[in-house]
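In the two complexes that follow, chain A is the common piece, with chain B as its partner first and chain C second.
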Partner chain A sequence: MGERAAAPARRSKTIFSGFSGEQVMLAALCVYVVGLCILPLLRLLTEIGTAEPGTVADVLSSRWTQGAAWRTVEASLGATVVSLVLGVGLALVLGLMQLPGRAFLTFLVLMPMLVPAQIAALAWLDLTGPSSVLLGAVGLAPPPGTRNWLYSREGIILLMGIEHMPIVFLAVRAGLRSVPADLVEAARIAGASTTTVISQIILPLLRPTIIAGGALAFVAAVGNFGIPAILGIPGRYTMLTALVYQRLSGFGPSVLGEVAVLSFILALIAGAGLAVQALSQRRARVTLTIVGGGLKPTDAGRLGLPVTAAVLLVLVPASILPLIALLGTSFVKALGVPLSADTATFAHYLTVWDNQAARRAFVNSAWLSLGTAFVSLVVAVPFAWFLTSGRSRTARLLDGAVDAPYALPGIVISIAFILTFLRPLPLLEVSLYGTAGIILIAYLARFLALGVRPVVAAFVAQDPALDEAARIAGAGALTRLTRILLPGVAPAAGAAVLLIVMSAYNELTVSALLWSRGNETVGVTVFNLYDEGNTTAAAAASVLAVLVTFVAAALATLLARWLPRGVLPWQA
Partner chain B sequence: MLKKMLRGALFAGAAALTASAANAADLVLYTSQPTGQMEEVLALFNEEHPDIEVEMFRSGTTEVLNKLQAEIAAGNPQPDVLMIADSVAMEQLKGQGVLQPYSEADTSVLPEGQYDPEKHWFGTKLITTGIIYNTDAGVPAPSSWKDLLAEEAKGQVIMPSPLYSGAAVIHVGTVTQQDGMGWDFYEALMDNDAIAGKGNGSVRDAVSRGEKAYGIIIDFMAFAQKNDGSPVDFVFPAEGVSAINQPVAILSTAKNVDAAKAFVDFQLGQAASEQAVKQSYFPIRAGVAAPEGYPDPATLNIMPLDAAALMTSTDELKRKFADLFGG
Partner chain C sequence: MASLTIERAVKRFGDKTVIDSVSFHAADREFVALLGPSGCGKSTLLRLVAGFERLDGGEIRIGGETVSGGDVHVPTERRRLGMVFQSYALWPHMNVTENVAFALKVQGVPPEERRARVARALKTVDLSDYAERRPAELSGGQRQRVALARTLATEPRVVLLDEPLANLDANLREAMQEEFRRFHSESAATMVFVTHDQAEALALADRVAVMMEGVLRQVDRPKALYDQPADPEVARFIGRGSILPVDCVGVSNGRATVDVAGTRIGLRADPQAVEGRTSICVRPEHCRVVAAGERGEPGEGFPARAKVVRFTGPTQVVTAILEDGSETEVLALADSDQHLEEGAALRIAVHDGWVFAAR
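Up next is the complex of A and B:
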């Protein structure tokens, strides 16, 4: 795919002599973005448009569809409330107070983002279940045979709420920086208390930001698959993502038409959330334009330690304990046995290593995520350049299309790709379905936005005069891109690669429906190991998977000092 | 520079592709038998055939078949050997031309009806579906399928879903064909707040933990759980049980036919049959005794099944079931 974007440009002198390198490059980008980000989604629409009469009505009138749609809305709204309470609260505390260990606290807040949903669900089950290593150690484990309460609507709401809390936190923290410090200063001088300042000045100003962040958390919850699948299916609380998965695995490719309708409903619900987000973000931009400095955290004084303790009281159970429980389960000899130096074992890691499919999955996810990152970058750099240099209206039109596969639920994307690529490709006579190819192109579509955004930010921060000067001196598009522009955006590009690798390596929602034997992913392996009852091996595989994400995050943080602000979500 | 990077990426991509193709196993097996048991089975198989590396994909029969059908649709079926719950599904696959006959297979030890006369599939065990109940739950011991509709059973029944389990397809198919039961029985179950889990394993877990008092389940899972000390027992209801024979078959697209045949031979042999008995299965092979405490297989009351009728209606069955229980 990548060569499509750049190779024609290199040969432009010989083959495309009638066009400038720039035009050829732009055309190639259009083909890429339209082919990956627009056509499959259109294919999903035509599938519904051309479905046998009755199919759509049947699906819509089924009480299981209606139930799942309702539960999706209900649980996602509930989770949004949890995300809002935690996210806004933590952002206010960490954004307004100079607490000791603030960087570490911020890291803890953002940690749920680094742990994929299915692993978070497993970790929480390990933490709270009867065989909990941690609770067992302090004698608080529920008696054997007790059903874990997490298998319920409330469990799903709590876990999705925590999982997507960082989205709200990041939005609100960014919003705080654009609250005019003068305003707060003036109120203080006028004698307003902290409570008054927060409730009368800061929160009203932040309202559009909070709504936008909440809407994004809602969209993320609607598209979540790991938590509804692991908690909701056994808990008889079937949400749309889980229903799509169940229907496809229960009936096979013959029900693609119906599943397309289900994923369209899913897309509509997510779309409603995205619309709210777009509207309030526009308002946020208008209200929060400031001239003077933004709000800075102030000395917490005597309150510093107690507030830090309170924050830790929330964050340790939310971010750290589940991971420790997961680690414990991965080392315990057998479920229910207390963990000690005598009972600790590496056996489950060896089980993962001995499992051909699992071993293959780590290799597959590595090259799929690296390949996705590399190709996306090759596309993102010229695309971001066209977008920011203002020389192409086409690029701006395509900009929204780039975001769609990332914003929409992953299950919707995978159904769209199955519909588009199940039938053999024209000319080649082979189907991509059942190969790693379909996972790769679905990833390319889904994660392109993660490549484009940081690079766009870097281009925006760059001085346009350099490029202009080179152009006047007669340098062609490719020369300017590689000699002038690329070196400037290199750190952002590196960060983009790491963001994509982090997201794609542990991804489950897209590959859950696209994997095949030989083409397993890490996300699928963890899910399947758990599904067949091998909880300890699932824990071991999860630990390894999370380690990879943490290493990538650490590498990205090392790049942070060369990056424009906001490229790394966890950058302070 | 770009050129070099591109070439590097292409090379890395190609290397990764060939690497994942190169570690292909000698024999690829798709099965619905529980993973823990299959590990024992494959260990025993490798004692006889240490040179054959087996790679297994395990899920419920329905999921295994849907995976296979998707692979066939894409023109790239993966398994050499298939060992799934029931012969109805095997007959469907045979009709589809997906299986190859193994005419030299030794079927002399199998009773008639437990293998395809044209030798496309061979039964390996006898598995019946009856009722499991929790003996600590304080509910009356069931003796009839109708007991699951009683007031004491309201909200207390769990069953496997045919959208996952092949045994459940046969069971629902058999029950709905019986006079006096039919789909009315499943509608009554729904009215009594029965739920469908995933596979039989989910039924075993829910009943042995006491979350549900009754479950519809395949016999060996209940017996194995009882032998492990769980407060459960298994009942063969008066109306009869449904039965499957966990057939094994070789795909017509098998890449390693010799290894596949070795696996079929192994499954039909004495050692595998004895191991199956240890794993709490009724043996299908003549001359192998049933596990201790089991009734004589000959005395089992098995409800009649019109397999031909079920063959053409499994999709409709799954759909009706999904409408009632959500799958």
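Up next is the complex of A and C:
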């Protein structure tokens, strides 16, 4: 025991004894994490604490605020139920039965994760609206002028539920794998049928896991901006994220005090969900300590084909049809015109290309996401190393801070960053607000966790004996760092870059409040094109944006072989 | 309350045959141990009986009813079996009573009777005071006793035990062996006990089935298994038997005369043993070093050379090399005061041994 605990400390000291800068490095990391992840959130708190008396009370007692807060809770809870039903059901079916084409089915389940919320909302509108290419082709499109039923509470609940279903699915699937197989076998021996095994053994064992997954889906729904903005604003069902956006884009920085209070309420609701998640996660770890092998899917037998068909019946409309509709809309000559080889046109893609703001946006999002990924990686590798080597207590204290900007709603992060960086920077005398700089640093804060987690997992998975063996072999500190330690975490670092690019490239919640003319992002462009009524161009831009995400996901999957388990959320 | 019959069972994983035409019968109420080195297929055979795996050939009958074979595959939950797992497999979200009562509840036993049977089962394993505890609050031995009570309460036809003692420390293991014997006499069930520990198998079972590489090598009472092993590999696995190459020069009435390194000895023989090249199994306790150095007279044992001498207290254990050019090792005992040097020539007298049928 004592020896094991001492070993990493010994190792770390010698590796960096060559660099006198170890303390400097740690200090710089602390400044980075505190400055990006803690200070802006504290600034949000002080803004509320020092607000003019009356402002807070006014905002809290306003009918708008209360209505939006209630709708946020209501729709998020509803969406959580949808996510839970779909996520738990699909995880049970795919986790317990060996269905034909299981890998493909899993890909379909996780697809909503790869499609950003605002694009999902557009795709669904394209699918179900009067000018739907797909429904039109089979003569089922609603008559022109019909109001799309998705512009409603139910529409928001359904779409957010589908969008966040993969979160529940992944949690439950991981939980299933940690259920010892012999607990199920013992129940079978006792005479329990499949339904009894599921209801009396598997579901009770997974209860904390399911609650934790549901809580995460709830937090995601609370922070969702794309769906409440695109469906809720026209549908007169304004939720908090959309209200903050409306107030700020309508009245500018003068209402900052007010939206600070709104985003604080948003953070509190999300915080409640996160607390539930943390508690359940801990309980899940206590109840399931695996002894024998984990639960594996068993032969589905004759049920295989019918069950696969049933799963496809859910997944094709949920995951594929909206994207096909989106694709269709992007090629259709004009809304309402049926799509055929003769009528198909590239015109809308050219429109996007000719639109200067849109073209800028694709470039902006590219360098913003790549820049965020590389800076985050440069920070994440040493930070993860300090964290896992057990060397620095400071690093462990900061660990939770890294997660905060990613876990909290993106709107909260943007408000915190506006508050912090609205005033000119000291010495430089320039304000970051209104520049691309504020988007970049907000991204750096928001996506740091995506860089740190995979690298931490890789360091944890690395056998300390590798470094010790290199030492025995006579390798010096620098040699070991570059030849042993870093190659081991390189694949995880690569995956981290791709995860960040995937998330940041199509991001909307943060940039929706931070963009300015000349500094548009892809998410903002899609949203604005739609807002201007240019549905077909919005569809074309969406198709291009989703393509980027899919390519990044495919590249990350190619890396999977060298990655520790669990780094890529969609890996089966 | 049922016999178990396995006929020419075959199980393949991919193109690897893990159970190769195994036939085996356990009589009603018999306690049979399934013994073999790890990876020999014994657990797979047990899982086939349980119905967790499907047969690729052959048949399994419980109490005359075919449960696996041909197109028949009765699902596990309808086989009315009991099973004790290596990991105990207690449901962590249920307390002791709920764990024991689960099977009865599933089978629709009325609450009154259920309570009585759970109480009786817990009393049998001496855990009545722990009825409200969760598995996590119990020690390893207590958990295994809950697992036994859970099985006992259901009054199963056949009880399968999958290395149930492997996770316990040595002291507890002996106490639990006692518990299993009591369990067997009280439950009236046919029991199949899988283990890789030969001492456990020999001590507990009415009969022991030795399995190697997916094939049943021998099924016999423990004493017979030890005295009359079917082949050299079984002999090596059960007890520490030395296998020596010999020439069989005469067979009569279940005995044979063999030539070991130029010395003739009479031993018990396999009924199928014939004259010619074969091998014998001799146990260390039947081999004595009778003379060290060159003084031994021919006929007083076969010649060998000491390789390693280990002092164990009451005796010395000698690993010797047979002096016939074959480099075969043989284990023998010597008095503790006998002076033996490694590398020295010596003679070993054999009191008892077993002549294999030539293969």
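Some notes on this structure:
Quick note on the criterion: the second predicted complex is superposed on the first by the 534 of 572 C-alpha atoms of A that agree within 3 Å, B and C clash if a C-alpha of one lies under 4 Å from a C-alpha of the other, contacts with A are read in each partner's own complex, and residues count from 1 in each chain.
Keep in mind that, in the parts below, a residue touches a chain if its C-beta (ideal position, glycine included) is under 8 Å from a C-beta of that chain, and two chains touch if they have at least 3 such contacts.
Treat the numbers as computed from the prediction; the structure is a model and nothing was measured.
After alignment on the shared chain A, the placement of chain B and chain C results in a side-by-side fit free of clashes.
Contact with chain C, but none with chain B, is seen for A:Ala187 once the two complexes are overlaid on the shared chain. When both complexes are overlaid on chain A, the residue A:Thr435 reaches chain B alone and has no touch with chain C. In the superposition on chain A, A:Thr196 makes contact with chain C only, while chain B stays out of contact range. Contact with chain B, but none with chain C, is seen for A:Ile233 once the two complexes are overlaid on the shared chain. For chain A, the partner that touches more of its residues is B, with chain B and chain C as the two candidates.
In the superposed pair of complexes, A:Pro204 makes contact with chain C only, with no contact to chain B. Applying the stated contact rule after C-alpha superposition, one finds that A:Gln356 touches chain B and leaves chain C untouched.
Once the two complexes are laid over each other on the shared chain, residue contacts for A:Gly371 go to chain B alone; chain C is not touched. Put simply, chain B and chain C get as close as 48 Å, counting only Cα atoms, in the superposed view. According to the touch criterion, chain A has no shared surface contacted by chain B in one complex and chain C in the other.
On chain C, the positions that touch chain A within their shared complex are 50-52, 54, 75-83, 85-87, 89-93, 102-103, 106-107, 150, 154, 160.
Looking at the complex, you find that chain A touches chain C at residues 180, 182-183, 185-193, 196, 200-201, 204-205, 207, 287-288, 291-292, 299. Across the complex, chain A meets chain B through its residues 2-3, 6-7, 10, 62, 64, 67, 145-147, 233-234, 236, 238, 246-254, 356-357, 360, 363-364, 367, 370-371, 374-375, 378, 422, 424, 430-436, 478, 482, 516-519, 532-534.
Residues 1-3, 5-6, 9-10, 12-13, 16-17, 19-21, 23-25, 28, 34-36, 55, 57-59, 62-63, 65-67, 69-71, 73-76, 78-79, 161, 163-164, 195, 197-198, 201-202, 208-211, 315, 318-319, 322-323, 326-327 of chain B are the ones touching chain A in the complex.
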